[in-house]
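Could you have a look at this structure, given as structure tokens, before my questions?
Note that the chains are named A, B and C in the order they appear, and that numbering of residues resets to 1 at the start of each chain.
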Amino acid sequence: MAYTKEDFKKLVEDIQSQDWYKNPIGFGIARVDRGQLNPEKILQATYPLINWEENYGSAAVLLNALKKAGNNVDTSGSELVCSVSDAFLAECIESFRPYIPEAKGDAHKNVQVISALSSLPIDSGYTADDYKVVFIFEDTDAKSVESAYLKLYALSTGKAALRSLNLNGIFGQLHNVAWVGNQPIELDWLRENEITLKLSGQYPSITKVDKFPQFLDHVIPADNTRVLDTNKVRFGAQLAGGTTVMPGAAYINFNAGTEGSVMVEGRISSSAKVGAGSDVGGGASILGVLSGTDGVPVTIGENTLLGANSCTGTAIGDSCILDAGVTILPGTKIALSEKAVAAIKEINPDKEISTSMKGADFLGVNGVHFRVNSTTGQTIAMRSTREVKLNADLH
Amino acid sequence: MAYTKEDFKKLVEDIQSQDWYKNPIGFGIARVDRGQLNPEKILQATYPLINWEENYGSAAVLLNALKKAGNNVDTSGSELVCSVSDAFLAECIESFRPYIPEAKGDAHKNVQVISALSSLPIDSGYTADDYKVVFIFEDTDAKSVESAYLKLYALSTGKAALRSLNLNGIFGQLHNVAWVGNQPIELDWLRENEITLKLSGQYPSITKVDKFPQFLDHVIPADNTRVLDTNKVRFGAQLAGGTTVMPGAAYINFNAGTEGSVMVEGRISSSAKVGAGSDVGGGASILGVLSGTDGVPVTIGENTLLGANSCTGTAIGDSCILDAGVTILPGTKIALSEKAVAAIKEINPDKEISTSMKGADFLGVNGVHFRVNSTTGQTIAMRSTREVKLNADLH
Amino acid sequence: MAYTKEDFKKLVEDIQSQDWYKNPIGFGIARVDRGQLNPEKILQATYPLINWEENYGSAAVLLNALKKAGNNVDTSGSELVCSVSDAFLAECIESFRPYIPEAKGDAHKNVQVISALSSLPIDSGYTADDYKVVFIFEDTDAKSVESAYLKLYALSTGKAALRSLNLNGIFGQLHNVAWVGNQPIELDWLRENEITLKLSGQYPSITKVDKFPQFLDHVIPADNTRVLDTNKVRFGAQLAGGTTVMPGAAYINFNAGTEGSVMVEGRISSSAKVGAGSDVGGGASILGVLSGTDGVPVTIGENTLLGANSCTGTAIGDSCILDAGVTILPGTKIALSEKAVAAIKEINPDKEISTSMKGADFLGVNGVHFRVNSTTGQTIAMRSTREVKLNADLH
């Protein structure tokens, strides 16, 4: 008797109705890189596909297959990491059967992953234990390298919003390793083999030493996105389509990034984000919560220009300009002429604008041009010449 | 009967006198990298040699050989791109015959290219169609990837002056691709193969995603030139011998660069150029025409020091100093003492110098030291201590 | 008759008592990379182990073995470079015999090097002449690539203190070459083979052109040290354990670095050093003796914060803060209120503090917060909020 899509639907409903079952927040299957000296040490987890608040049918199939394959499937914890087994794959293939013929291109990606796993050549160098089925049920501290990577993937693929995830525990879970491109190497292995490797001319070309890989090691950007130097974007950063990251003084840390087409020639520190159409000038610094801000993550609005070597430690609105070299911290005293107050008030009718403000007072204020008067050295604000889209609700 | 150099000369004259013939501005033979999914998409063109306003004899031989090999040789368009064929190569070899024995080292490079092409091993992985003979007859918008690369080569080899070429259309012609070092990969190919590549541990180490390759992917710098990080110089930039590009915050974009021995630790934006003996300090920013200037490309003179984290949006003369952290934009108001006016006037007798100037007023003014008075915050200019070579014609 | 550790000790004493013998400052055995065109040109020297003011027993054995193997062992010069030979290795093995069984892990590293050299496979691609035994007897100008590398290793492994070595002659000895990761290539070889390499698709992916390799090409950092981009740390730099070097605008040149756990997001120029617990903010510049300082190498104290895009050209004490964007050069005039003078004096009782100081006057002054008053543009100093450890000897 043929097993149909209708049967698949019933299977999923049946699984989801069982007591032990719980929908995960995110899940996926990863290939792990293990320590050269200590194979118990997971150095990296590579996901061909991740699911985040989606594809619960596939989640049900995978959890059910793990259970049938004899794994202890405990959905009461915050996460679950199981090794792939032949029994698990066979069960998945059986359940996914009606979708296998059409699992191509963008369709049924989870089915594609199972098919690809099932048909890996025997001499791939990896064993079933190098593939992990990973579920996150609660967004608490990461308890494994695999779940830490799953969260970073959720951010870097744009499936989870910046600042929306609990990233505690990630630094603790990841190991500091040497990288040769996207291949991690234990530092201790290098130490043990340094003499032989160096004398025989086999010492590897280390490209970095860090806990994190790069964004481009794991994520394929949109066609109109450019990253001119892979070292400039850490894994866990988010780049909206149309973003360009230049190789001069740019850097985007994890849990930071862009929400639209942005030119990035400066630094976007962890927790900071920049709106569509904005320009982070050469060497401009957007500070992170750990240094120079008042603890509030910095948001830069849309269509705003941060000039070369400017520095921002507090929120800046839409259509603003910071002149090259200007620093605005939360406590920076900024003077406005009566004319400037009126002009800025006109486009920000619901905001308090006065002749003497601090950097932090400009939260949500649009169309401001921050300058240093080169005659007096005074930091001033005036109406920006950049077009401001007025909020229709306010008028 | 022996074919001699005299015969070659007559051949060239004969070709050049024909109606259809026209001397090209530039020409060369490129190997092209094609899309992995779409082989019609040219991802990169690599020229072992380019000719720019030179070697018209070789141009005549190549155009004639294309014609004899049956190509439609239309010299009335702005450019011509033809595939190499055995007939073309045979015809070239025949014409170049007297030069082949002495085509070694720096002699007869075009003949060397033809010889090398003729003797490529059959299993090189490339076909005749992967080699293109390319001519530019008019400096209009690039109409192909091959001609776009030829122009970028002309700039990066120093055969064409910075700002001298029409670069419109280059962004449109080049495809945004992933790079593994100097190998371009279609993003769509990565997407189609992501699951298999990642599961099998074959996902490539992407080094960047951009339309342009790097300068060092195509050009061998002078013996006294240093580029400490290939990501810091885009293809299409120009580096005069003796230039050093440091890996901190430096970047040199295409159609920008140096005209002599320059220490570069900061950014030289597209269209900007820096004279011999100058020093672009750590994090210093020279703005491009698209951001912060008044639309005039910025030229920095000779023997000038741009201090760390300074920012320049307007022309600066010879033997000037910008103090670290100082920003000079076209509209920046700058104060000069009477003494400073006199001292600067002394070495710039033909310039208007006054006690109140703007940044843009210093065009062509030499020997100026720009500072911010740390007591008053005022931006000031005084006589620089750097030696100024006076223009003998003026005295 | 068994040769024992006691015999080894006697052998060493005997060698050391001979007239010709002299303890070296540093020594090691290097594998050298030779020029592709000119094999006499040494492009790089890779040491699996270096000794610096230590392990004089091994030094004696190596010098003695060279002598017995027929080398001209002249210890009266500043350095000695000899090729390895089978006779030399046999003599070393004989002398080191009692230590060979226990030469594992961290024990008897020099013995391990000799053992590894003796058991290199015959087809390693290297000959005995590619291995050099190198000694430095006097810290004068480097006279060979091998001794230049030995000094840079001494700095980068932390065995010699920053600024403690004579580095003259190093630039002169090292050749400017193209690098493909850690493999050096003569520029002339690239030029000679450019046509064939490019046409056949074999042109290498050059990663930089410089005289120096990178720190990570030769040194394995501590487990808690991170270098997020290998290009950011030149060989000859020193990184104390716990240092993190970010990939934005950071750079650490040779003979510069950190003396404890430091976050580095800015530039540490040659000759500059930074104390434990300090933070070099994004784009911050610490100037080197060649640009912007008064010729005194800049030392940054412990627990000090240099804000983003700040610039320092003079010594800064412990527990200081430079606000983002602030520049302090030796001659910068800095104003202090009476209250600030008193508060700073309190924790620096032995220093001259007044209401008008210059940057250079703050040498050894702790707990200072440098700012620019955003209302007046004046550069001011006040008491920093960072905790200052008072010197117990002074109280």
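Here is the rule we go by: a contact is a pair of C-beta atoms (placed from the backbone, for glycine too) under 8 Å apart; a residue touches a chain by one contact, two chains touch by 3 or more.
What you see is a predicted model, and the numbers here were worked out from it, not measured in a lab.
Asks: Mind listing the chains that sit against chain B and also against chain C?
Replies: Output, common partners of chain B and chain C: A.
Asks: Are the interface residues of chain A and chain C largely the same numbers on each copy, more than half shared, or largely different?
Replies: Because under half of the interface numbers appear in both copies, chain C and chain A meet with different residues.
Asks: Measure off the straight-line distance from the CA centroid of chain A to the CA centroid of chain C, and report it in whole Å.
Replies: Distance between chain centres, rounded to whole Å: 35 Å.
Asks: Could you list the positions in chain A whose residues touch two or more of the other chains?
Replies: Correct list: 231, 248-249, 283, 309, 325, 372, 376-378.
Asks: Please name which positions on chain A make contact with chain B in the complex.
Replies: 31, 46-49, 105, 109, 112-113, 116-117, 120-121, 124-126, 131, 180-183, 216-217, 220-221, 223-231, 246-249, 265, 279, 281-283, 305, 307-309, 323-325, 372, 374-378
Asks: Touching residues of chain C toward chain B in the complex: what are they?
Replies: Per the touch definition, chain C meets chain B at residues 176, 178, 187, 190-192, 194-201, 203-211, 231-232, 234, 248-251, 267, 269, 283, 285, 287, 291-292, 309, 311, 313, 325-327, 329, 332-335, 372-373, 376-379.
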